[in-house]
Amino acid sequence: MLDVLVGLFLLGGGGFVLIAAIGIVRLPDLLTRMHASTKAGTLGSLLILVGLAIFVGSAAVVSKVIATSLFLLLTAPIAAHMIGRAYARTERQREADPKDSGKLVTDPR
Amino acid sequence: MNSIIFTAGARILVALVFVFSLFMLLRGHHLPGGGFIGGLLGAISFIVYALACGSEEARKALRVSPEGLAMVGLGIALAAGLVSALFGDPLFTGQWYWVGGDSYETALFSINSVLVFDIGVYLVVLGGILSLTFAFDEET
Amino acid sequence: MEALTALIIGTLVAAAVYLMLARNFMRFLFGLILLSNAANLTIFASGRMTPGAPALVPYGEDAPIGVVGNALPQALVLTAIVIGFGLLAFTLALAFEAYRRLRTMDSDKMRYAEPKEDRKG
Amino acid sequence: MAEDSDPNAPWVNVAGMTTVAITAALFVFFLLYVPEVAAGAPVLWSWDWIPSLQIRMSFWLDGLSLMFALLITGIGAFVMLYAARYLAGHPQYNRFALYLFSFMLSMLGLVLADNLVTLFVFWELTTFTSYLLIGFSHGDPKSRRNALQALLLTAAGGLALLAGLILLGMTQGTFEISEINAAGSLAGEPYYLLILLLFLAGAFTKSAQVPFHFWLPNAMAAPTPVSAYLHSATMVKAGVYLLARMHPSLSGSDVWVWVLTIFGAVTAVFASLMALRQIDLKQTLAYTTLMALGTLTMFLAGSTGYAITAAMTFLLVHSLYKACLFLTIGVIDHATGTRDADVLGGLARAMPITATMAALAGLAMAGIPPFLGFIAKEVAYAGALGMALTIFVVLMSLAAFALMFAVAAIVAYRPFFGPQGALPRKPHEGPWPMLLGPATLAVLGLLAGLMPGVTAHYLVEPAVAAVMGAPDEGGRLKLWAGFNLPLVLSLLTFALGFFLYLRHLDLRARLARIEARGPNLDARWDWLLERFMDFAKFQTRVIQTGVMRQYLFATFTVLSLAILVPLILRPVGGVTLAFAGLSLIEWGVAFLIAAGTILVVLTSSRIAALVGLGVVGIGVALIFIMYSAPDVAITQLLVELLVVVLLAVALLKMPYLDPSNRQVHRPFDAALAVVVGGLTTIVLLAVVDVPFDRRLTDFFEGASWTEAFGRNIVNVILVDFRTLDTFGEIAVVIVAALGAYALLKGGSRRAPEDEPAKGEKE
Amino acid sequence: MTAAGFLALSINIALIMILLGLAVAFVRLAIGPSLADRVVALDMMTITIIAFCGVYAVAVDDPSFLDVAIVLALVGFLATVALARYTERRFEQDEDQKGGTRRKEDDDA
Amino acid sequence: MSWLLVMPIAIPFATAVVAFLVRMSPTGRWVSLGGSILSLVASVALLVAVLEHGVIAAQMSNWEAPFGITLVADYLGVVMVVITAITGLATAIYALGEIPERVEKLGYHALFQTLIAGVTGAFLTGDVFNLYVWFEVMLISSFGLLILGGSREQLDAGIKYVALNLVSTLVFLSGIGLLYGMTGTLNMADLRGAIAEVENQGLVTVVAMMFMVGFGVKAAVFPLFFWLPASYHTPSFAVSAVFAGLLTKVGVYAMMRMFTLVFVGDIGFTHEILIWVSALTMLTGVLGAAAQTDFRKILSFHIISQIGYMTLGLALYTPLALMGGVFYLVHHIIVKANLFLVSGVANKLAGHTDLNRIGGLYKSSPFLAALFIVPAFSLAGFPPLSGFWAKYLIVKASIELDAWLIAFVALFVGLLTIFSMTKIWGMAFWKPHPDGYDPTPDRVPDSVRIPMMIPIVGLAAMTIVIGFFPEPFVQFAEVAAMQLLDPAQYVEAVLGAQAEVQADLQADAPAGLQPDATTEEEQP
Amino acid sequence: MNAFVINVILAFAWAAMTGEFSLASLMTGAVLGFFALWLSAPLTGIERLYFVRSYRIARLALYFLYELLLSSLRVAWDVIRPYPRNKPALVEVPLDVQSDLEILLLTNLISLTPGTLSVDVTPDRSTLLVHAMFADDHAAVVAELKNGMERLVAEVFEK
């Protein structure tokens, strides 16, 4: 029974991860894409970790899973914020400069 | 950089990663981890610091020069090897002193040269990588 | 898996060689990173690959149970990774400084130690 | 070189006088051995130098070496005395004295050596010291060039000689010349011809046989005492000495006879003609030296007592008169400031002693009785008549001797008694230290002729015996040997010589015209060197292009060849690609790595390349994760992370990645890349096909906890089983950091004012 | 289907989904177009690896792979932060150059 | 005993640590000097021990071979260690005069000492992966030293040097991996037995060739030497002297070690190739030198040319040839380091290393001239200097094998070496200075010149001593060569009792069939 | 937070008592210690705030997890549906919370919850720039954030 639960967690986690990945390809602009990676990706990983915790069941692993989850919840949004911020800053500056009507943040070669 | 969010996060993360690096160092003999990984993590904690507050601040937080720290680490590693001379063993022979028992099976924990060596490794990696990173950061 | 790894290594090596032969020294650096990875994998694969069994002695045991991953190549690769990182970091610093002073990354144009004048007649 | 010297400067100094004294003492020392050696008892002195290589420092004093030793020390002492006065006040006189003395010792060692290696050591030392002497006027480019020419030519011969003597020593099992010679002629033994040719190459270059002759006249760039010494008595005779020394073992074949005869004869005649053609008296003498060397070589081709006696006698005579004449020319040069044959004349009045000496030497050279020169000529003709190629040898001897007669008149008669031209300085008699030597030598030439028996008994015959490798019956040196064919030839020589002297100006002009049309070997030498330099530069340009990617291309090409060739030539066996049992996941990781790799290769965006590298790193880490290496995976990920961080920091300041895949060389690069990659795969596949020996791993797994008290075997290997690796590795990290730090911090912020802090001048 | 069988199946499916996620994320990485897009993709990949470690730990029943996940959760954001910083600086640099105020490099020609 | 092997490595490391920590004060250089002296003492002690006991080995961390890492000193190894210490001391003294404070503060002495440590480690280790580690220690230290100063030439040179050396390193590393994959062991002595039992000997040859390429780049043989002439003329003179003396020799040493101890199964192929590589190395190197007009560039190309002699000694693979190779190694380190040191003094006095722009040194600095003549003509193989005996041995070995073409090349290259050395002599010493001044010694303060001259005098004296009294050195080289050709003593010193077990197994077991029984027996 | 320190000490004490310094035993010790502190609060004089705050933290955590799940599902749906339809926009939210930690917590939570992503905080800490995925009505987005997450965060830190 526990195995089924674990399996479900894994499947759910894997699904979210995959969806998040698809999201960053499908969604139209960068900030929207980041919604996918930040939320769905994080949740996917968390689900999988929970699955692992249930599967192994030892206190050591549970505590490690909790630690990992907390670390992830702490760092993932920060990372997202950093990208978003960099993107937003450059975007805003470009908007202020009408000559630059092309891509946001040109790709530096 | 001066992102408030990142700086605030860094405050927690620096300490967290640093403690974690020590954790990885100390457990390394029995589980994944060890001096390298610990040192790399330790360096990363200060790199986070440097990213948040600038490498000047990070240097200050480190208190000693990273190059010096690395060199001291090398010295410690070497000393951990040389100490076996006192016991008539070849270089780097592990010297173990068991606390709370008389063998690895019964003892609570041990004081040993192998860990000292790993601490040396930790310091070298920490100092070396920080030295590199700070230099890069300051020169760009 | 060794066979597949061999293919991966071959790909990495080919890409690395191609990159290293480029004129831009940054490409050389990229090639170097790939080649380091290839060399590390070579050692790893040479020690044969065992899936899913880290070389740990479980608590309460005197030796690993069953077949576990070959620890020696792992240790060697670890060493090689760190050494490779050191070398790479230095090389990066060199490239950086070279660009700062020579104002080029084109190795064809780096002709200070062996200047073109030397080549005439 | 006299230009740097000061005629009024004090000339007695420690360096000069010590060398003279020691040399004179050595002369006396050797003189004391004359009776003993003449009695047929050679002296051997030997020290086990390098026993592991059977090389002894051994010396052998027999007739031949004694004669040479006496000439070397005797003439040497006079030359050194002369030089002290000649170069008085010269700022580099002390060096000169040192070189000359070293040269004398080297020469002495050469002629005394009984061990081939010992001989070679001294042989090369003479080459080296003569290089320093010829280039003594080092401010003059010509002087430097000529010194180099002499050095290279004689060193080249020396190297041939080295090969020859190694081969000789190897085949004979000993390097001791006396032992080799005792075994008699080697003709017919394996390697004989090769040994002979190698020895001849050494001897001919050293003794300036045509076509290696051209360095010798050029070597006249040296100060006169050097010319007198090197080119009369000593160095150039080293080659002749070698031929004489090795005569017992190396002669005895047709090759020996033909080669020596032809080279010797051609050299002799060519040189005497060239001597006639010169205006500078020193050059004239230089060519007569060549002539003498040719003659000696020619006679050494023979194996009869007469031929050898001729050689030995002529050797003696020539040393005496040639040294004398050289020194005399030096005196004239010193006194008048010129050596031009056309200008010099009528000096007898101002320089009577010099004139007398020159006359005596000239007579000896011309072979007028009762000088030893006459006897030598007689014996020579006698010898020639008994040699193979008789007519050729006789005719060539006749030509050479006749020309020598003419030259003797030009050098010894005309400057003193001929018409005088416009001299740069008013002539005066030379100072006594410069006269003592030539005078003694001139007188000795006369005395030796007057007492042929003594000369023969004490000097010539022991030498001949040594060369022949057998006791000599002697009795060939006579002032009056009866009316015979040699005498007729002698008279013919005088007539012809006199005629040549009368017509010498005319001849000189004609010879000059011929010379201008013929091949100029000296110019050829320059040409050869230039072509050599061109070639050297060309090949260096081709190899050392200065372009890094070409270096890398070559390196990778070599690597692929190094793998490919044995792969083809050696039975490596086929390789199998076994993908059975691989899950989708493994393939997925493989494709991920491949995708990352391709991205890095194809992109021209730096950041895309960077993240591509990140992907590769992640993929590799996945392999480590899947295949039981969590430590490695963590390290890989952390290092990858740091690489990305560092690159991101650094890339900021770096230029764009120009799309460089369109250059001409890229297809070749790609082909090479594919080859190297493919070979790597094949080799690895073959390697993992070999059954694996888990000995070490088994040990580590067993001992990790029970003996090293750690449960993480990888870490235990790192910090216990193989600590030294880890130690070295952290040293790498630290040094890399130091190096990068020094680069980044030290390069741009360098203050130029800093530099001279420790007295630098940069 | 037994519980264990279900678990095995879910593990495989989860792994495949995660790898697919990696592949999809790679597409965004490769096509960009902006630097921030690529960074987002790389960030996504980091999270995916955490998920992978979790599933793999279940698959081989060895929690030591959780250590990899912890490390990544804790420090994986660093690359993102560094690259985001790069984006921002790069942009500033471009702006500088456009304004004709290209900073003079310390070139001691 | 084990500590004797450790100290020559440990002392430079300890010195590096201390010297770095005090690098901001002038104490640093005295620490470095003191460390170099101690290193020499330790090396000599090791030499004495080896002379007394033959090959000695020590198991690091007290794990018996082949499980731990073994340090071994045989004759070849120990003489290289001693000569390294000598070169190290010489350059440490020289550095007192040459190296400016600015560079010292960047950690010159630490880098220098780790370089020495790396080189020494490479000479002493008996483990092939450990050899790689020491190579890297040496390499990275040399990187750092090469670019200290940061001139444009140095940066350009550094790029090429680093690039090519890194490639070779990775080839070497992959080779180690593959070798391990075939044999399961890393200990060189153990490899000797293990590799003989690999069934696929063709594959062994392939891997051997990879090693040859890897070492070939380090040793700077044809056609892998590009990095050397591209870089050796750019660092400070003390550094280039150490490089010139030691670095390529480590490559040669490694080649000698691996291709006598491990890769001896296909001599007809590997060593034959090496013969022609050596010949071409000699020729291209010497021609390259002929094309140069810079003091140090000429010397750099000559390194290549001379490397050819050393590898030839290995390639010919006879006792005499190996003896010559060993002798050549030792002689060349002393001589070539010295020539670079002389070039530094010449540069200080006359102001440049471009021969067209200097001159007059013979007239105004006769002492320096004499000190140039000794190593220069030794290099050119003039008797009775050390180089002559080296050349003699190699040529004799070639002739003994009837390898006439090789002998000719060796001799001809000797002649061209004379040409280059006299070119330097003619242009730097004999020719008057083109700027018309006399480069007298007093142009440089005593505090700079004297430390620079001391090592030159010392090394020249060694050249002369070896030349005049070669017997002990020849004897030494002979034993070294014998140990290389028949490594039984080496193997036994490393593996101890196991060597016999292995030998028995090799004798009993049918070829290619390795009984797994060894594993049990060897487990303590 | 003296109480927290004591709690940590208790956790370690527990670990020492059980003789097992694992993370698990520490966690157990922490929970048990918390319970013990709660029981002994009147005696030790530990403020009630500690326990209240702990409760609020737990409540926040649960709320957050719920929101995370919700938001992920919404994003997932948006990703999967054939024609993703959203109206993204940058929304400026005035900030009441001021301390670093509060801002960090708030922004992180906002990032992880439905439709919103913290992008930047102005240097004067007065405004938070949020990227909203479904920003049909800016005011509604602002109100939701201020009443939901910010309130809960502020409560955790309030005395």
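Note that the chains are named A, B, C, D, E, F and G in the order they appear, and that numbering of residues resets to 1 at the start of each chain.
By our rule, contacts are C-beta pairs under 8 Å (C-beta built on N, C-alpha and C of every residue); 3 or more make two chains touch, one makes a residue touch a chain.
The shown structure was predicted, so the numbers you read here are calculated from the model rather than taken from an experiment.
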For this session: Moving only to chains each one touches, count the minimum steps from chain C until you reach chain G.
Result: 2
For this session: Name the chain whose C-alpha centroid is most distant from the C-alpha centroid of chain B.
Result: D
Seminar exercise, completed: Between B-C and A-G, more C-beta pairs in contact link A-G
Problem set entry | Of all other chains, the one whose Cα centre sits farthest from chain F | G
Seminar exercise, completed: When centres are defined as mean Cα positions, the distance from chain A to chain B in whole Å is 30
Problem set entry | Distance between the centres, which are taken as Cα means, of chain D and chain C, whole angstrom | 48
Exercise. Cα centroid separation between chain F and chain G, in whole Å?
Worked result: 64
For this session: Any chance you could list the residues of chain E touching two or more other chains?
Result: 15-16, 20, 22-23, 32, 35, 39, 41, 56, 64-65, 67-68, 70-71, 74-76, 78, 81-83, 85, 88, 90, 106, 108
For this session: Give the residues of chain D that touch two or more other chains, as numbers and ranges in rising order.
Result: 537, 541, 544, 546, 548, 552, 556, 605-608, 626, 630-631, 634-635, 638-639, 641-642, 645-646, 649-653, 657, 680, 684, 687-688, 692, 694, 696-697, 700, 702, 705-706, 710-712, 714, 718, 720-726, 729-741, 743-745, 747-748
Exercise. What are the residues of chain G that contact at least two other chains?
Worked result: 107-108, 118, 120
Problem set entry | chain C partner contacts - residues on chain D that touch it in the complex | 534, 537, 541, 544-549, 552-553, 556, 576-579, 582, 586-587, 590, 593-594, 597-598, 600-601, 606, 609, 613, 616-617, 620, 623-624, 626-632, 635-636, 639, 642-643, 646-647, 650-651, 653-655, 657-658, 660-661, 663, 665-666, 669-670, 672-674, 676-678, 680-681, 684-685, 687-688, 692, 694, 696-697, 700-702, 704-706, 710-714, 717-718, 721-722, 725-726, 729-730, 732-733, 735-737, 739-740, 743-744, 747-748
Exercise. Hey, which residues of chain E end up touching chain A in the complex?
Worked result: 3-4, 6-7, 9-11, 13-18, 20-25, 27-28, 32-37, 39-41, 43-44, 47-48, 50-51, 54-55, 57-58, 61, 63, 66-67, 69-70, 73-77, 80-81, 83-85, 87-88, 90-91, 94-95
Seminar exercise, completed: As the complex stands, chain A meets chain E at residues 1-4, 6-8, 10-11, 13-15, 17-18, 20-22, 24-25, 30, 33-34, 37, 41-42, 44-45, 48-49, 51-52, 55-56, 58, 60-61, 64-65, 67-69, 71-72, 75-76, 78-80, 82-83, 85-87, 89-90, 93, 103-108
Exercise. Which chain B residues qualify as touching chain G in the complex?
Worked result: 2-5, 7-9, 11-12
Exercise. Of all residues in chain G, which touch chain B in the complex?
Worked result: 100-101, 103-104, 107-108, 118, 120-121, 123, 125
